[in-house]
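Below: the structure, in structure tokens.
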Amino acid sequence: MRRIGLAVIGAGYWGPNLVRNAQATPELRLEYLCDLDVARARQVLGDYSTVRATASLDEVLEDPAVQAVAIATPAATHLKVATAALEAGKHVLVEKPLAANLAEGRQLVETAEQRGLVLMLDHTYCYTPAVRELRRIVRGGELGDVQYLDSVRINLGLVQRDVDVLWDLAPHDLSVFDAILPAGLEPVAVAAHGSDPIGAGRACVAHLSIELTGGVLAHVHVNWLSPTKIRTMVVGGSAKTVVWDDLNPSQRLSVYDRGVDHQREQAIVSYRIGDMVAPALREQEALRAVMAEFAESITQRRAPLTDGRSGLRVLALLEAASRSLTENGAFVAVRQEIAA
Amino acid sequence: MRRIGLAVIGAGYWGPNLVRNAQATPELRLEYLCDLDVARARQVLGDYSTVRATASLDEVLEDPAVQAVAIATPAATHLKVATAALEAGKHVLVEKPLAANLAEGRQLVETAEQRGLVLMLDHTYCYTPAVRELRRIVRGGELGDVQYLDSVRINLGLVQRDVDVLWDLAPHDLSVFDAILPAGLEPVAVAAHGSDPIGAGRACVAHLSIELTGGVLAHVHVNWLSPTKIRTMVVGGSAKTVVWDDLNPSQRLSVYDRGVDHQREQAIVSYRIGDMVAPALREQEALRAVMAEFAESITQRRAPLTDGRSGLRVLALLEAASRSLTENGAFVAVRQEIAA
Amino acid sequence: MRRIGLAVIGAGYWGPNLVRNAQATPELRLEYLCDLDVARARQVLGDYSTVRATASLDEVLEDPAVQAVAIATPAATHLKVATAALEAGKHVLVEKPLAANLAEGRQLVETAEQRGLVLMLDHTYCYTPAVRELRRIVRGGELGDVQYLDSVRINLGLVQRDVDVLWDLAPHDLSVFDAILPAGLEPVAVAAHGSDPIGAGRACVAHLSIELTGGVLAHVHVNWLSPTKIRTMVVGGSAKTVVWDDLNPSQRLSVYDRGVDHQREQAIVSYRIGDMVAPALREQEALRAVMAEFAESITQRRAPLTDGRSGLRVLALLEAASRSLTENGAFVAVRQEIAA
Amino acid sequence: MRRIGLAVIGAGYWGPNLVRNAQATPELRLEYLCDLDVARARQVLGDYSTVRATASLDEVLEDPAVQAVAIATPAATHLKVATAALEAGKHVLVEKPLAANLAEGRQLVETAEQRGLVLMLDHTYCYTPAVRELRRIVRGGELGDVQYLDSVRINLGLVQRDVDVLWDLAPHDLSVFDAILPAGLEPVAVAAHGSDPIGAGRACVAHLSIELTGGVLAHVHVNWLSPTKIRTMVVGGSAKTVVWDDLNPSQRLSVYDRGVDHQREQAIVSYRIGDMVAPALREQEALRAVMAEFAESITQRRAPLTDGRSGLRVLALLEAASRSLTENGAFVAVRQEIAA
């Protein structure tokens, strides 16, 4: 097997995780860790590594040993860095969000498509065994009709300097929604409420209400100020309801055969109280699966599960949410980012 | 001690709890259980009771042995039943919500005030040891400035025929907010989003965003369709944050000395990770304390903790929320229900 | 339907629960609450009851309206009280343990059998929906071969004056073992370790190791001094393993399709990691089911699920455990309490 | 700063963790990973490492760049490997248990002491922030008199081929007991009960009752067959009680101001129900602290926290427990491993 030469760009918060997982992926050959602060890059690599540290993106992009890059720099730089990589003929894996705004995201997708290169989003959660099983249950129909979604992602988090809590945390929830929802169930409009009780200059607590096709309501609560950590998503359906608790390693998914049925004609409401099943899930680091998917999509010349368009759909939601924040919480229509 | 003669009106879902707790309150003497369905009233009393069952409200209100009534009939009947009781000179304890709408609620408050009678709301949760301690922490200043509130009340609930999930469940959260928030921190406007995924004809899932004085955001999530039961309220403050988990009997309150501080001048964000304290709380049935407060407010001729005006403030929020639901989630100003 | 006339004897800790549940059982007609302290009995009945309070056991036993008694007096008095009741021709429901020792227990069983009267143990936990389902899974074979049992029952408990923690708490665990274990799997010997770290004069912490047929090990940990409350039983089997957590109302039973298999011939150990199922269970007060079973066994002239002999088997274990405590933890053979 | 040259011996289950943490410790310079299966060693190091893999222990021990070794080979080989290392003048960090039996352990301690070399046990849990705080609370007197200890360590574990569940898992609990118990409170005797329900040829479930000075009872439950994972230790004291739940990252330690007091003279039992405090703990990988302590004890020429003698005390308990297993659970006196 020929390994795909990879460079990781960015040695900040997430970069070290990319480095570690790239090294553990047999299909990849890690060539560089690149950061403007080359001392930081060296520190991340440690004293025992054969991987090269560099401050020069040009050096990386000119090296024919590099076929692909994984970008973990701030969102504001994604357009520039990813465009340079794509123009140098490199496949690109990029941190969420795809870009600082929808227009820039579209540019990246177009560039990648024109050149026939893989552009993949590191929507990490989509690669957890829990979300893959959740996707199977929801898309596969076992859940029945989707009735509501509710996602809570709160903890004492780093107050970011460049983005608010929506842009920092909600991409996780929105990308999972994007991955699990069946075709035909799409965001129509979004309303956002936020507050900045510590005077940070941007929302630290936010609530998103997303109207999906047919009036289905999805809600996201993100919060940097909570002393307790919660990572829970509920997907309610007409046949089953699934609770995903990412902080409960012994029972991440609970599939309830419980619900409320309503027969409109007879005006009868009935309650179903059946068993709960917690499916067995492999323990696997999601980022390992991200790396494997990146490598495979390059080798097989196919779109990855979380391709550039999934990144655009998340950006479209974030932009609409930001506009709602400035419009006192009014529902804002979501631009449909459909086919190429 | 002279006992206060009491009649319970309504033998439906909540009435039996009022009967049981009234019988256990030494300051009260239960005289009647009154329900249009007298057989139902007899069944609630059981085969071993000396308490009288009756279908006649008149009989109850004409009996001079009755000084007070506890009303557990549907909200739509509160105006009529409570007015009759007040006009007959009886003190009134009434189930939440106070009335079917704000105008009716105001009528009741006026009638009670004109006649110098106690009008008390059965905002049961306000009488739990947990909420009393929460009130002490928030009002007493230990929490610092309130930064945000978040309440979740979801489970597989009875889909009511007469009210939506907001009017059914949110009064609990709103009455607790009302009881714990310090003077000067009041609801300014409310936005509500809801959905009815089972076609019940009214919202079964709803989210409330309440803007309080100074831009503080409070959020309430109520849901009849969730297979899991959650009853959690977080009150975030500049000094402490409290989590109230009503379903964790061994640790209902957790007081975290954790938070995020921001010094605007130096643009410094600092994180405080201190201990968590779970205060010891008595185990006490809240409804017992409701009964004791009702009796004491009658004896001492004083307003109870949850007086008619607290009921009006909750009604004002519910009405504004309902209007927001019909106005596509726009923020609707909350009528201030202040002085007499 | 003719109701069975019942008297409750003993108005202490447990008596009020018997009174409440007897009143709610249509097949029973509660006639008396009898306690030497008649004021206490009156207080338990409250101000609104038509049930008679009395201090005279003779009065109760001489009353032909009484066909059955439920005894909730201290264990030391069970022989005397229950014998008097049986000799007066009354059916008997008796609190655990059946009697103060095995010899007295045998006397009671013999008396009841000679007179053809029901003698039933109030082994309350055996009547919970969780234990009934556990019994079905274990006895019905779904669990496979029983590999081990482990029960933990610890909390800050009342330090009893007359009995140690073994006699106070372990009857619950032992009676459940008795109810669920399949025929042929019986206690052979028991070793007990205890300690009295507060100088109470009797063991406040104790561990029981019970050797069952074929070397299967069952363990019980009981403790009056623990600040946290735990009520968990694990029954490990070759096909399934069940965890019963009595303090988790939303998931009392968890049935794991997980385990370790060993094929002796090939010396292969294999691990099975399958799904977990939490069966739907009705919420029902166990004591209500106890009353129903008592009434039904009287009417149908049959032995109840927890008959006198089940009480003897528990007593035999407790006696052997007490002897082990005095013999420095040595295994003591358990007397087999088999056929009549 | 001169770094201490280190070699890791053994690339099996635990070796990779030693490699990773040694590389992250600034005071150490990892020179070799040594394993008879050099391919396995290479695989552990991965494709990007400058650390040398070797199958030759001699090569490692003859290299003057190596001043210390960390041994993660099977217990049966500890005597041989560690003796060779000590005789070559290397400091030794060794996996628990210290050796295959007490006699071999003593030999190692003597060899190290004669040569003035550090011999340290990798009792990893003793270096967690939770156990360090637990130690402070217990040894520092805040807990009052120790009343009982109870440790549960159960999960679906690897059925080891060379040792039973006691020797595999209980060293963790016993080494923590050793680290936290105050001077003067020592194991006197131990009784062990075990069973092998899958026919593995050794105990897979075991219970240890340890009698400490003054009759205090400590209990350990270890189990390879449990489908659920529990890692809980309770240390009950006259003033406080601490619960350590290693699987609850948000609240590993809970310090309860609850308990039962007994005044012998007046025969009064009183109950104290105070607050619970969950102290803030740093999140730190324990093995990092192990490495730091190893390096510091070498540099400062002092005994480490978990020195060879702590390893002997654990071995003495394990040997006595094994003898108890063969003597049908009788209490076996624990050899006091005191002064040098």
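Just so it is clear, A, B, C and D label the chains in written order, and each chain counts residues from 1 on its own.
Keep this in mind: a contact is a pair of C-beta atoms (placed from the backbone, for glycine too) under 8 Å apart; a residue touches a chain by one contact, two chains touch by 3 or more.
What you see is a predicted model; the values in this text were computed from it and never measured.
K.L.:
Enter the minimum step count from chain B to chain D; a value of 1 means the two chains touch.
P.N.:
Each step joins two touching chains, and the minimum needed here is 1.
K.L.:
Farthest from chain D by Cα centre, which chain is it? Let me know.
P.N.:
B
K.L.:
Return the chain pair with more inter-chain C-beta contacts, choosing between A-D and A-B.
P.N.:
Between A-D and A-B, the larger count of C-beta pairs in contact belongs to A-B.
K.L.:
How many Å are there between the centre of chain A and the centre of chain B, using C-alpha atoms for each centre?
P.N.:
40
K.L.:
Roughly how many whole angstrom separate the Cα centroids of chain A and chain C?
P.N.:
Centres of chain A and chain C (C-alpha means) sit 53 Å apart.
K.L.:
For chain D, which residues are shared contacts with two or more other chains?
P.N.:
228, 258, 273, 276
K.L.:
Which chain B residues qualify as touching chain A in the complex?
P.N.:
It is residues 145, 147-148, 150, 156, 159, 191, 193-200, 204-205, 207, 209, 215-217, 219, 221, 223-228, 234, 236, 238, 241, 243, 254, 256, 258-262, 264, 269, 271, 273, 276, 328-331 of chain B that touch chain A.
K.L.:
Can you list the chain D residues touching chain B in their complex?
P.N.:
251, 257-258, 273-280
K.L.:
Give every residue of chain C touching chain B within the complex, in rising order.
P.N.:
Residues of chain C touching chain B: 23-24, 29-30, 46-51, 228-229, 250.
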